[in-house]
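Pasting the structures here.
Look at the two complexes coming up: subunit A is in both, with subunit B in one and subunit C in the other.
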Partner chain A sequence: MILSSFSRSGGKPFLSYKTIVITGMCAVLGLGLSGCFSKEKQFKNTLRLATPAKIKGLDPAHSDDMYSGIEVSRAYEGLLQYHYLKRPYELEANLAESMPTISKDGKTYTFKIRKGVLFQDDPCFKTTEGKGRELNASDFVYSWKRLADPKTVSTGWWILDGKLVGLNAWRDEASKSGAADYTQDVEGLRALDAYTLQLKLVSPSAQILYNIAQQFAFAVPHEAVEFYGKELLNHAVGTGPFQLVEFNGASKVIWKKNPTFRQQLYPSEGASGDREAGLLVNAGQPIPFVDGIVTTVFEESQPAWLNFLAQKLDASAIPKDNFNQAISESKGLVEELKAKGIVLHKAPTLDVTHQTFNMADPVVGRNKYLRQALSMSIDRAQIIELFHNGRGISAQTPIPPGVSGYDEAYKNPYVQYDVAKAKELLVKAGFPGGKGLPELEYSTMADTTSRQMSDALAKSFDVLGVKLKVNSYSWPEFQRNIREKKGQIWGMAWGADYPDAENFLQLLYSKNSSPGPNDANYSNAEFDRLYEKSLTLMESPARTILYKKMAQLIVEDCPWIFEMHRLSFGLTQPWLKNYKPHDFDHARAKYYRLSK
Partner chain B sequence: MLIYILRRVLATIPTIFGVALLIFVLFNGVGGDPTYQMVGKHATQKQVEEVRHEYGLDQPKVVQFGNYLKQIVTFDYGRSFSTKQEISTMVARGIGPSLTLTVPAFMFTTFLSVALGLLVAYFRGRAVDRIVVFLCVVGMSLPMLGYILFGQYYLAFKAGLFPISGFDYGWPDRFEYILLPMLIMIVVSLGYDVRFYRTAVLEEVSQDYVRTARAKGLSESRIFMKHVLKNSMIPILTNVVIEIPLLILGAFLLESFFGIPGIGGITIDAIHNSDLPVIKAMTTLQALLLILGNLATDILYTLVDPRVSLK
Partner chain C sequence: MKSRSLLGDAWTRLKRDRFAIFAFTVVFAYTFIALSAKLGWIATPWDQSVGAAYAPPSFHSLQTVFGTDIFGRSVFYKVIHGTRIAMSVGLVSALISVPIGIFFGAIAGYFGGRTDDLVVWFYTTLSSIPNIMLLIAITFVLGKGMAAIYFALGITAWVGLARVIRGEFIKHKTRDYVVAATSLGASHFSRIFKHILPNVSHFVIINFSIQFVSAIKSEVILSFLGLGVQGQPSWGVMIDDAKLELSRGVWWQLAGATTAMFAIVLALNLLGDSLRDALDPKIK
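Here is the complex of A and B:
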């Protein structure tokens, strides 16, 4: 730029060297001084949190990734929420006054909406000059129809798909006509009056309450949708405890306490050990305790970790590469961090990781013994240690600890690492020593860790004489490969949407085959029959027995190679109080307290 | 010159068309299907088809390509498939932070590297020359990631000289956050640039007119600053102007590690997500910038070298 200021004649420059030098020095000085004048942002009673991915937006209908869901839950709320402290997880009323009344046939749910709940002040409320109006039952009717509207293209439609009488027909009509008619009555979704919402289910469902507790079903005022249109992604107009100050999904989301938030109290009871852990010190006190939240996006783990160590973040996950720096061999906190008062939180995660066999594949899909043999060739303990720093327990079935149907004592025979037995099974499969078996194909992502894990898997199979070819893809290519039933074997993980084993078992229900969540394309009539039966049953020993029977069928058919249920390790600064890991309560920051 | 510029601008049309065709064929042929990203894990085949219809992905490829060309003309690429954000807003939001980092870094690098290039050429073969060239080679040999990890840990975390990461849209607060990444960018670029400019200057030093100037009794500093520098301008300009369009496209690695919400990551994210509208917008923007950069270089040649004329 500076050098382009010479004249074409080659004579006197447009800018003299003196000018250039002075300009340069000013620039240097300007930058240096700006560094001196810049002040560290003063965070007073503001929670400073990190998120490892960009926040896509704040529209509940599109909040399908966990990190967007967490931000959405700061401003928006639903009828129900999870009790923050109780375990196993339990739902409780939030915008509903109480839990719904359910008809005897289990098909009609009636919710009373809490009175006096206000939407946050926002320019979208034109008739009240920006003052947030009161929430009513119609807001849920509108929000859920919006979820069903094909034009919304919501990834959360599945929570209501096929569940409410008339809603699918309404969606089909909207799809045909090209424009949804929000005034049209839907039998299964009605506001009986301003404070009464009635749902009519197609069939009894034990999961419907879990479904509507998800962020997709949060109340969005129609005024906000009409005012902001698609730009609602960058705004938040809910009833929740925090109000949006600044949204930049690539960098930072800043929230302040919502001044019109109703009185909500910190829980007065919790799980065993919570009182001793100091989690009930603030029982019965109004929440939220903090005045604001700053969520910073850290796409790389090192800066997040260093910011936590520098006390610029109040909580942090432990990056894989820094694990040994934080955790001792006995899986406790290292002395250096203990001395700083940092607290380690360990909790099981409701998830399962597994290798998937494409049951539609003519080689692996038709040979149970082959799948069982491959499953037994894997040393899970080594994999958990090597790739997950020991943060996991070996999975025996798809059902993780913490939900009904999990059996701690049960040992899946095909999850045991036994090469001799695996070789025997391979003989039964018709491929002794791998002879006659074509090279198997493994689909994975193109990142380093995925590649390393694939190599470890290939090494395990190789011991049996089975060759594995690893194909690396970008995420969309990988998705296409498996959703179009082209892959043969691939790795996958599933984190629960809600605390019910059904959420894991539906991954193997034949009607959910690709492009649905059953990407193994597993089909077993007996499993389907039990699954369908279980859907109509509420939590009960009878249902748990069905879950266990289904798990047994999966164990024997082996459409998945079970790997692990992960354990989460999190760290908090000594001044962050009331912190308890939770799989589903995305709004949990409202319970946190800073004690500096 | 105006006619020349007009002709060059018109010549960009087939180039842009070629770029558009290549991008379209590549991402429709071998890229992933964005539909599966958009429908989520719980999708049914019906929903997959609905989404394809909603986004026009079920239209014949010719129609889709026609729509793409229309987008190029109108500069309206719509919204990202992945984030649902308006692409123009994503770009507009990202350009500022990216330029905050890349422009000062580029200016300092250029200024320093030209000065150092002249200096070491002046002391050619002597200790100063050898030391600087050695340092340049060392600097070029280390990957940027190494500088980032070192800088963040030792200079920011341990010594507390800089913020570890972050960005502030306010002025002048934002400069505090870009100092360290800017320093790294300068260090990384300096090695290559100094060596390049040294070579360019040395080439000029061996020319006859330098010998003549010396014979006439001109001082070395006058020879270097007035004659050699000016005549080295063609390679220097080529190197400098071609880098300018890249400044707008940001510095992905630095932005990612230092939490600068720039434009660098937009294309990478889009490729990871098969986010076709963003890929189309960014590649077209990049192509346009490069074409404009080349045009600017040609025009600037005429300003520094009267022997060059535009025809």
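Here is the complex of A and C:
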């Protein structure tokens, strides 16, 4: 998704920040909450986390924001999940027995469903007097049709939209007739038997598995939908490790361990360094380790932070304004927190920030050397330090660390800060010392940080003799200008929807030009050819080579001034074990262990 | 006893008021600083780094007495150039708004009737729009930059003066000296500008100083909102920066800008008050 340009102190930039905040929490705050004392006492071994936004509800079909997604993932599960420890991110089977078998043409996926998985006990299972029944393949057929049902008004329909044969037709039929017919067969989505699910894709896609791993595609039993109706938002009936005790989306959500949860084991292999970090101590042991989770909503970052310091939360992000209180100048934890045993976790975020050149512009769009020169005039280390508290690594290509195609050793020649070289390139571009070059235009937002960032950019360009005029806009105006291909240079950021470099490379595919996500309006026939080829390939070394080739083309053409991949900083209390930052695994609390 | 002119008399009385002399000195000093900065005599160049980012105030050199900002630029120099911007905005916008206020106030008060109705309707309508909204709307239309700020502040700030001048003209137009001028065949133009206006000119001078202050404050607010000065140091921009810096303990930009602003606003207010006392013929 697009992140609001640069001010990264509002809007989605917080992807990284919020991901971690989630792991904050509360135990027994203040009055008013005393009612839940008795419930919390039942399980001493309770994880106390915080969330920075109200929880809209617990229906997977409506859990389009990350915070609801996280709560939903405690009770519901999908066919696939992300491996908790491995990096780059990797999918593994969850409710499926194993990864699917895929036909030669890449269009038919067959999943074997795990046997003996029970839904949680709930009054909605009337025929069994509240005992949860076994999960089977038709639950997925039902849940995904429900996602497609226009009456569900799901915000997650896009994950399947246009991807499964016949499902869109089924949806059209349902909106025409006014009522969806769940018994009607859909060719692309069939339960062959109780434990076999078959998908037929409209065209091969390497991304469909990531879509299936998203919370929208989790299994919801039809009994619960029929029993609760719209009230399903306030209930949770899944197969997951935690069972809902109390739901109050505006203040707190309480979970306890699901007694009928199948045996699931802590991963026994991880990324390099995980063993040393103590993340494999519990390898092969059954999860979850905690008896319960209490998630408290803190809409303001300050109270969450203070609760963390008072040891009432097991994990926390670091609010920007408290950064100096927590992190020393050497980017480590300050002594005071270190003495308390608090642990600092740094992790790269799957995103990239960059300055975009409008390739449709006659000045910057037609002069490769000019773009390269400007790119080399920027001291990225200084920008990262000044504007991100040093929380970032300089980006060499659009591909961030954590996905295949990222090459740690690779250094982009035009990302190096070298004024002399930049001046040479400017001569090559035909503008020695900036002479003959009209004043360039920079579009930005009217907030403080954006203004300071524009100042920094103008200063860098000024050293080359290039003048930059700054125009600040409101966010909607800014976006409109870009859609209309106006302006010459502007700042942008992109956060991954799923861990695949394709999600970043599509930003430069010519058919995605404005108003699509290719806001640079970059067009390169060779790049397009490689991109189209990569779409048909599954994750493989061959595809990674394609990704790297595409990145090379971008480096040379320089439609972006690469800036950085941001780092997220999170803190945990000394007793919280098995904690590892993760961009996508919303269910990761099941791996956490408390050792007080 | 030798009679003194109005201004001579006012000056004599102003000299006796110590506050007024202090205020006058401050305003004079600011004007001098602003001019010197404009001419490049002092505080140049302001946009070069003189130290590390966010270096606290130190007395090693004049440049660092107020510390440095995010890019290591001298906050002291920025304050001085902020003075230049503030003084020029105050002066130019007051020079735009005062004639407009005099003109509309004079014709409304002097002619009365339809003209009066029209002018009163016009400025009532204008002043019913919240001032800051109007300023924002105008800067959106005119684009950003100094010219737009001069103009926006100039054409929105004349209502107060117009009201006062109108009232005075209504009072004066029936006075004997005006009647006498009329009977001598003086034209409307001559009666308005040669006869009545000099007699109400002390209001203009007082209002000028008040508008100077409000223009300075408005510029700071506009710049704080990101609608003001672009690419130049302004007190408003510095305060806007400080918004984020305070939590990391960087207080000197805020202190520099607000102290500079405080002194000039206070001085102009004191001066306005003293001028009123000195110029008002009734408190002789």
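Following the convention adopted for this analysis, the second predicted complex is superposed on the first by the 362 of 596 C-alpha atoms of A that agree within 3 Å, B and C clash if a C-alpha of one lies under 4 Å from a C-alpha of the other, contacts with A are read in each partner's own complex, and residues count from 1 in each chain.
The criterion applied here is as follows: contacts are C-beta pairs under 8 Å (C-beta built on N, C-alpha and C of every residue); 3 or more make two chains touch, one makes a residue touch a chain.
Just so we're clear, the structure is a prediction, and the values are computed from it rather than from any experiment.
Output check: A:155 vs subunit B and subunit C. Expected answer is one of first, second, both, neither. What do you get?
first
Output check: A:470 vs subunit B and subunit C. Expected answer is one of first, second, both, neither. What do you get?
second
Does subunit B (first) or subunit C (second) touch A:525, or do both, or does neither?
In the superposition, A:525 contacts neither subunit B nor subunit C.
With both complexes superposed on chain A, which partner does A:456 reach: first (subunit B), second (subunit C), both or neither?
second
Once the shared chain is lined up, is A:386 touching subunit B (first), subunit C (second), both, or neither of them?
A:386 sits against subunit C, while subunit B stays out of touch.
Please tell me which partner, subunit B or subunit C, touches more residues of subunit A.
B
Considering only touches as defined above, state whether A:251 meets subunit B (first), subunit C (second), both or neither.
first
After superposition on the shared chain, which partner residues are touched by A:420: those of subunit B (first), subunit C (second), both, or neither?
Neither partner.
Quick check on the complex: what are the subunit A residues that touch subunit C?
It is residues 320-324, 385-386, 446-449, 451-452, 455-456, 458-459, 470-472 of subunit A that touch subunit C.
Which positions of subunit B touch subunit A when the two form their complex?
30-34, 36-45, 47-48, 50-51, 54, 79, 82-86, 93-94, 97, 104, 107-108, 110-111, 114, 149, 152-153, 156-157, 164-168, 172-173, 175-176, 179, 182, 225, 230, 233, 236-237, 240-241, 244, 256-261, 265, 269, 271-274, 300, 302-306
Touching residues of subunit C toward subunit A in the complex: what are they?
Answer in residue numbers: 47, 53, 70-71, 144, 225-227, 230-231, 237, 240-241, 243-244, 247-249.
For the complex, give me every residue of subunit A touching subunit B.
Residues of subunit A touching subunit B: 1-4, 6-10, 17, 24, 27-28, 30-31, 33-35, 37-39, 41, 54, 56-57, 59, 62, 64, 150-151, 153, 155-158, 161, 175, 230-231, 233-234, 248-252, 296-300, 302-303, 306-307, 309-310, 312, 473-480, 483, 515-517.
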